[in-house]
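Structure first, commentary second.
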Amino acid sequence: MEQLLQHLVNGLVLGGTYALLGIGLTLIFGLMSVVNFAHGEFYTLGAYAAFAALAWAGLPFVAALLAAIAAGALLGALCERALLRPLRGHSIDTIMLVMIGVWIAMQNAELLAWGGVARSIPHPFPTAPLTLGPLNIAPLRLFVVLTAAALIGLAWLLIQKTRLGTAMRATFQDRDTAALMGVPIGRIHTITFAFGSALAAAAGALLGPVFLAYPSMGDLASLKAFSVVILGGLGNLAGATLGGLLLGVAEELGAGYVSSGYRDAVGFVAIILVLLFRPAGLFARAERIG
Amino acid sequence: MLVVENLGVEFGGVVALAGVSFSVQPGTITSLIGPNGAGKTTAFNAITGYLRPTRGRVAWEGEPIAGRRPCDIARRGVVRTFQRTSVFPTLSVFDNVRTGLHLRGTAGVWSVLARTPRVSAEEARLAAAADEVLAFVGLAHRRAERAGELPYGEQRLVELAVALAARPRLLLLDEPAAGMTGAEKERLVALLRKIRRGDVTVLVVEHDMRLVMGISETVIVLNHGRVIAEGVPAEIRVHPEVIRAYLGSAGGSTDAPA
Amino acid sequence: MIARAAVALGAVAAVTAPLWVANPYHLHVLIMAGIFTILALSLNLLLGYTGQLSLGHAAFFGIGAYTSALLALRLEWSFWLALPAAALASGLAGWAIGRLALKLRGAYFVLVTISFAGVISLVSINWMDLTNGPLGLPGVPPPALGPWTLRTKNAYWYLVLAGAALTYLVCHRLVTSRIGRALVALRENEPLAESVGIDGTRYLVLAAVVSAAMAGLAGSLYAHYTRFVSPEVFLFSYTVTMVIMVIAGGQGTLAGPVVGALLFTVLPEALREAVAWQWQMLAYGVVLVLFVFFLPRGIVPTLAAWRRR
């Protein structure tokens, strides 16, 4: 029983970051219809940015997180302006191919910049686990899940409660009307992509220190993000949050009780099963954004 | 004979078709008319498998076809055209028609790979048949050109040629005359008569009343997803319900029955 | 006319390659180019003709390689039986993917193919009893033809050349037939194709099966050439390379993948002295983006269009 609870807790830690990845991608794939195979690369970027901030600049963890978010947002904005905007109106497949190109380029740029050897990201938390009742949790992981929760909350607030969020929802629901009402469509697209990428980078900065940072870490992250988006339904913020948590818990339980070698398969199998049987997502009846 | 019984289509609360019943006699040209949004294209989509009806039955030559896939319905001799121009744009006119001849060929993977004499003979036969169809619709001179680059009126002819190539026994035409010039419409009417002489049943959705009244044996009128009138053109022209339906909507003079 | 002369010249050069290629390493590069030609043609059948992108094609390649290697090593099958068995196994996998994904198009189909490849890759790493896991399967026997073994590069070159020619022939016959027309129709305008009786599911599955079987053939050729198979065959970089070859060479044509395969096998090797592998992969990404922006139809169709003007 204790083991089960322990797995659940670990699953929530993982799931919180998966939710961040998923929310970012559901905005980009679900709202903008951009098949962003490079999403995982922003995750990698976030991890390496955190590494640079922590290992080289010796900054506190929060600052490292902010640096990662900033890096993700900036590169995301650049990507959108330089590559996606000129292709707006082109088929979804064309855009998909471009993002595949970005994926390959970014990953190999990381490889060149940082080398292929996995790096351990130093963090300021004590390694001794905290004991909360029957559970043990490393302070780092506690920080990760709390920060993830906070960021998810912020994302929700932004989308649901601010004017920017309303503008975003309006743009992707009915672009022409939004334009007529004075919403700067171009800027909204850039902001949405930047926001989604920033969330991915945040996830990378949070999970990087828990595991290791290596250039191809983004591959699995991308696929798990897609898995979460498909589980939750495209454009569905609540779905992505729940989907992320579900995936994290499922992975931990699978790794603990079935086989740890196949843990990554959970995400793959989820994609296949959901697309086959419930293509609209598990939580299809939940409210879509806008 | 096409029998439509109580056909209903609903999506998410919107009732596009509210229980439509009619039949189309074999070897005739029947027109389906009605103001915009009456449900004509929805009916076409439901009959030809592009929409799953929420209720009702459709039978063609005694066999139920409602809810089947478009390719299976086509195999039974029911072929439709589309409201917006629909061709294979990068293929030549000849290849467009040859694609329409798909059902007339039977070559399977293994025979194709082995290039058996039967396959070669079949290819020759199909090529000849394609040229026949092109001649029938009067597009032989456009044979090698890309379908997507033709002027609008001729693209619509290509569409018709592709549909005819599939050897339909029931041909459903969705606004075939839309956007055509007067001369092109004359040619279309002549073509439709030629098609009917070949024992093909035709069901046409059209807005051009002169064309409809001139060519149809029967006219069926839809409004708000229901049949409001059915009869010969002379009856429909003076039918009070029909006149009300058209005057009630923002119909122009070519839309309202004259 | 020029095209025909070029093709004839190319054919002659290919058949006489062992005579004029002095350096055995260069012959190795050509052999790899041949194997990649088969892979590119197989991916092109799906991408270029049905318009569906499979990013899991390395899975079919790997299944072919493992099947062939295991049959030869564990059951001592002759290469000449293992090869068709490998193609069959991959073809079956292609059938499974085709049937599974029959309702899906576009990005969803891509995701299913990637997921499938991911699962297969994990199986190859974890199912130690079958595949020996990350250690791989060494000692795969080379093909035997009567008293001879095709161990030398020269001999293997002809085998690969035959394989590539066979694949090209299959693609050509398929594409210029009624079946090929159906595939193209589905890519160009699926509702219209369905309206004249073309069964989208059936043809997509057919394309997937043939495409996967060809990739499996390439896998078997690869396994008996390098004589070692490990989970590395599922590396995404193989899929990436295939995709670049098809997109840059020209999807939807038969010459395109051949040109692409040659270009992207020979070029990296030629540049290998000057440019490290990571920079090349980085360049691949940039090249893909550039092609999508400026040469979306690829080299061969663009050249053909210029000629027509």
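Order as written gives the chain letters A, B and C; numbering starts at 1 within each chain.
Keep in mind that, in the parts below, contacts are C-beta pairs under 8 Å (C-beta built on N, C-alpha and C of every residue); 3 or more make two chains touch, one makes a residue touch a chain.
Because the structure is predicted, anything quoted here is derived from the model rather than measured.
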Inset, instruction - Indicate which of the five shapes (line, ring, star, complete, other) describes how the chains touch one another. - result: line
Inset, instruction - Could you tell me which chain's Cα centre is nearest to the average position of every protein Cα atom shown? - result: C
Inset, instruction - Give, as an integer number of Å, the spacing between the C-alpha centres of subunit C and subunit B. - result: 42
Inset, instruction - Round to the nearest whole Å and give the separation of the Cα centres of subunit A and subunit B. - result: 49
Inset, instruction - Report the inter-chain centroid distance for subunit A and subunit C in whole angstrom, where each centroid is the mean of the CA atoms. - result: 33
Inset, instruction - State the interface residues of subunit B toward subunit C in the complex, per the touch definition above. - result: 48-50, 69-72, 74-75, 79-82, 86-91, 95, 98-100, 102-103, 105, 107, 109, 112-113, 115, 119, 122-123, 126, 162-163, 165-166
Legend entry - Touching residues on subunit A, where the partner in the complex is subunit C: 29, 35, 83, 86-87, 92-94, 96-98, 100-109, 111-112, 219, 223, 226, 230, 259, 261-262, 264-265, 267-269, 271-272, 275-276, 279
Inset, instruction - Could you pull out which subunit C residues touch subunit B in their complex? - result: 170, 173-174, 177-179, 181-182, 184-185, 188-189, 191-200, 206, 210
Legend entry - subunit C residues within the subunit A interface of the complex: 51, 53, 55, 100-101, 103-104, 106-108, 110-112, 114-116, 118-119, 122, 125-126, 236, 240, 243, 247, 278-279, 281-282, 284-289, 292-293, 296
